[in-house]
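Read from first to last, the chains carry the letters A, B, C and D; within each, the first residue is number 1.
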Amino acid sequence: MIPLANPVPYIAVIGLVLVGLFAVVFKRNLIKIVIGITIIESGVNLFLITLGYRENSIAPIYTSSPGGLMSLPVPQALTLTSIVIGVAVLALMISFIVHIYRHYNTLDASKIRGDEE
Amino acid sequence: MNDILSILVNHSPALIVAVPLFGAFLTPLVGMINDKLRNVFVIFITLLTGFFAVILVNEVFTNGIKTYCFGAENPSVNPVVRIFFEVDGMSAFMALIAVILPIVAVIYSWGFAKEETGQSKYYTLILLMTAGILGMVLTGDMFNFFVFLEITSISSAALVAFWTNKKNSVQAAFKYIVISSIGALMVLFAIAIFYGQYNALNMAVIANSIGFGFLDKIALVVLIAALTMKAAIAPMHMWLPDAYSGAPSPVTVVIVGTTLASLYGVFRVVFTIYGKQFLTILRSFGDFAVTPSLIIGVFIVVLAVLTMIIGVFMALKSNNFKRMIGYAAVAEIGYMILAVGSAISTYFIPTGTTTVTMAEHGKMALTGGIFHMINDALDIGLLFLVAGAVYYATKETSLNKLGGLSRKMKYTTVFFLIGLFAVSGLPPMNGFASKLIIYQSTYQVNPVLAIVAILCSIMLLAVFVKVFHSAFLGPEISSIKNVKEVPRSMLIAMGILAALIIFFGLFPEFVITNIVEPAKNALLNSSEYISAILGGV
Amino acid sequence: MSKRNFAAVIFFTIVAVFLFFTALMMHPFGIFDDNNQPEMDDRIIDNSQTETGANNAVTGVVFDYRGFDTLGEATVLFTAVAGVILVFRRLKK
Amino acid sequence: MSGMSKIVKTIASLAFPFVMIYGLYIIAHGHLTPGGGFQGGAIVASGAAMILVAYGSVWTMGKVKEKHLSTLESTGAIVFIGTAILGLLFAGVFFNNFLFDSNLIFNIVPTGGSTVGILNSAGTLPIMNFAVGLKVVAGLFAIVLVMAYATTKMGGNEK
């Protein structure tokens, strides 16, 4: 029996991942490929955060908290880490693109080939 | 004295990663003072890391699995909340590979990178790459594995683009970082699935509670796809020759380590995390039972054959020294996973449906495969260093523009011959020792595999004989008349690798019993890995 | 060209179908029943104040329970900065 | 980029101190309220990036060298890993929260449950927060600065 209780957040995650994957697989512009990777990353981050939600819960912070059930802290920490990693990768990818544009004068992936000499 | 040593041994899993990280953070500051001081400092850091690796490996091989918890002396194990490092035989084996390569690369760089700008960042990134590989192979936590995977891929991509004035390097770096960041995101996706199901991130905990439902299968497929992508197994091998040939040679030597570390990730996932599920019978046809291990094994063997053949044929076609070695590296990866795939498909078969001898062959294949990992690192590393030396002396990598180097560069020629013999599996070198085991065992599994493997070896020999003929023999080419032998530091680095190759070739038994056997036993014994964390040892 | 596109479409569709089923099979959103209690997180929520002294459990996780991850993450940023500066350096001395 | 109009420059320099104070607050209260080293560092770095956009990368490069940022970043990283190593020296475990429960600084243990929050608590966490904050400020700003400077200096097509 498939548990069908409210899978909408997960479907949103999959939607984001697929949009990103679509850009990576079908687009030729390097900037668009990078945007696709960033969207996949947002999808995965959303997945992690989604896993941490608990019904009727508050943020896991005790400072002046009203009390009650708390949502899970570990996915939030993981997402934080993964966001920073995403920024780092993005910065490096963009700097490679700058150099690629200087060499080839184009951003079309099908025209960017290494020489076989 | 003994006290200090035992403290160091106790903390070696943490220190082995902390030392290169600390060194990497300090390198830019030291680099502002003096170039020579910085080089000495970096070599010192790599040697210190090597020292910690040796005492850690010694400890693991004598006393079994070593765990280290970050942040607490008496951590709670039920549930596991903190990050654990878990070093078993296989991790220790990989740690050895991971510390040998940077030492060689850093010594080589002293001469090789003397003329370049941005050396401080270059050495920083090499140290970071070392730390990343070590973290990947030592950690016992899935998310930690992901973080270190990213460290290695970012630092190696940046170093691939070291020569930003070359088209090939920059586009190879972009290709490499796209592949590796997609791979890393897939790993993260699988981690999220595990976390959602088992509320755990520790590998041992996941391995203990794993089932084989739909989500587990998805996670397995995603993990294997991501890590084989990073390990350059066909059909995702295309980035490897580009990246290997685009990067400066000493960097390539360390990148070989990152590729092997990704391969280690595949082994860890398949053997340890899913090890308990190997014998679940999915469907049986009379006497013949289909198990996950059989499916995974056959799948890996098919990929392996594809990888070997593609690698060898592309190497035959290529006309660039470094690209050729890159394709040979692809083929060598094929050998490793050929052995491991046949091991998986034969060793783990439910009792009653197989004979004991078949399992023995599987075990032997695994020994060969693991032994070949370290041999591959040494052989391919040496060949790339030779190609780097040729490039340093002539500024050329195209075979058409090289010739008659043997008269001017005697030592380099000798090192190339050693590498040639080793990579094409001729005796007395290490490549022969491991490939012989692979041939023997895969022949028992399926003769066709062994025949393909032998044919590929012969063609690899042909490839490198061609290189030897056109680059080192023959008439001198006028454009490279005033070539000189490379600086001493580069010769020393090549000498270290060559000495290890000959040593491994002359005493394979010694190496197998002391290093390879513990690694193999660790892979085959996933319950020990689990109980080291959960079961109070 | 179109053959390659066709293969890409097939690949994309297969991935989409499998991911969709993954979404359906995940545990229900926001609901933790008896055999699916988040033991690790509950332990952190209960003890983070007394074990780390931090009121913010997330900071407790980031810097104490999983502090080594944060070191790795800081290292990733350091690596990226080093990489960017390396890539944009002057090539001639 | 030679900088924007005088209005933008004035507004940016007026807003910069507030952004900075907000970022520092986020870093300092990381162990009590939502936020921490990364988030606060990102805020301060974006404030610095605002100055960069307003005044142009050439002017900014004249004031701040990437070498200094690199030093600052290394310092942050060394403080971070140094705190972890001090845990090894004082408490015998790498990454131990050795200040917590000691009689030095940041040593107040909150009583469980909902509290107002005391700044002087949480052991090594605030130190690590500051180290990471320093690192993130220097790192992100270095990335932005180097990219902006390199692309203005060398133009689009020059090799």
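By definition in this document, contacts are C-beta pairs under 8 Å (C-beta built on N, C-alpha and C of every residue); 3 or more make two chains touch, one makes a residue touch a chain.
What you are looking at is a predicted structure, and each value in this text was computed from that prediction instead of being measured.
Two chain pairs are in question, B-D and C-D; the one with more C-beta pairs in contact is C-D. Measuring from the averaged C-alpha position of chain B to that of chain D gives a distance of 36 Å. With centres taken as mean Cα positions, chain D sits 22 Å from chain C.
Centroid to centroid, with C-alpha atoms defining each point, chain B and chain C lie 25 Å apart.
Chain A and chain B, compared by their mean Cα positions, are separated by 28 Å.
Multi-chain contact residues of chain C, defined as those touching 2 or more other chains: 22, 25-27, 38, 40-41, 44, 49, 55-56, 58, 60, 62, 64, 66-73, 75-81, 83-85, 87-88. For chain D, the set of residues that touch two or more other chains comprises 32-34, 36, 38, 70, 74, 77, 81, 84, 94-95, 97, 110, 113, 115, 117, 136, 140, 143, 147, 150, 159.
Residue positions 21, 25, 28, 70-71, 143, 147, 150, 154, 157-158, 161, 164-165, 196, 201 of chain B are each in touch with at least two other chains.
Taken as a graph of touching chains, this assembly is fully connected, with contact between every pair of chains.
Residues of chain A touching chain D in their complex: 59, 61-67, 80, 84, 87, 91, 94-95, 98, 101-103, 105. Only residues 30-34, 36, 38, 66, 70, 73-74, 76-77, 80-81, 84, 94-95, 97, 100-101, 106-113, 115, 117, 121-125, 128-129, 132, 135-136, 138-140, 142-143, 146-147, 149-150 of chain D touch chain C when the two sit together in their complex. On the side of chain D, the complex with chain B involves touching residues 67, 70-71, 74, 77-78, 81, 84-85, 87-88, 91-97, 159. The touching residues of chain A, counted against chain B in their complex, run 17, 24, 30, 33-34, 37, 40-41, 44, 47-48, 51, 74-75, 78, 81-82, 85, 88-89, 92-93, 96-97, 99-100, 103-104, 112-117.
Interface residues of chain C facing chain A in the complex, by the touch rule stated above, are 5, 8, 11-12, 15-16, 19-20, 22-32, 38, 40-41, 44-45, 48-49, 55-58, 60-62, 66, 69-70, 72-73, 76-77, 79-81, 83-84, 87-88.
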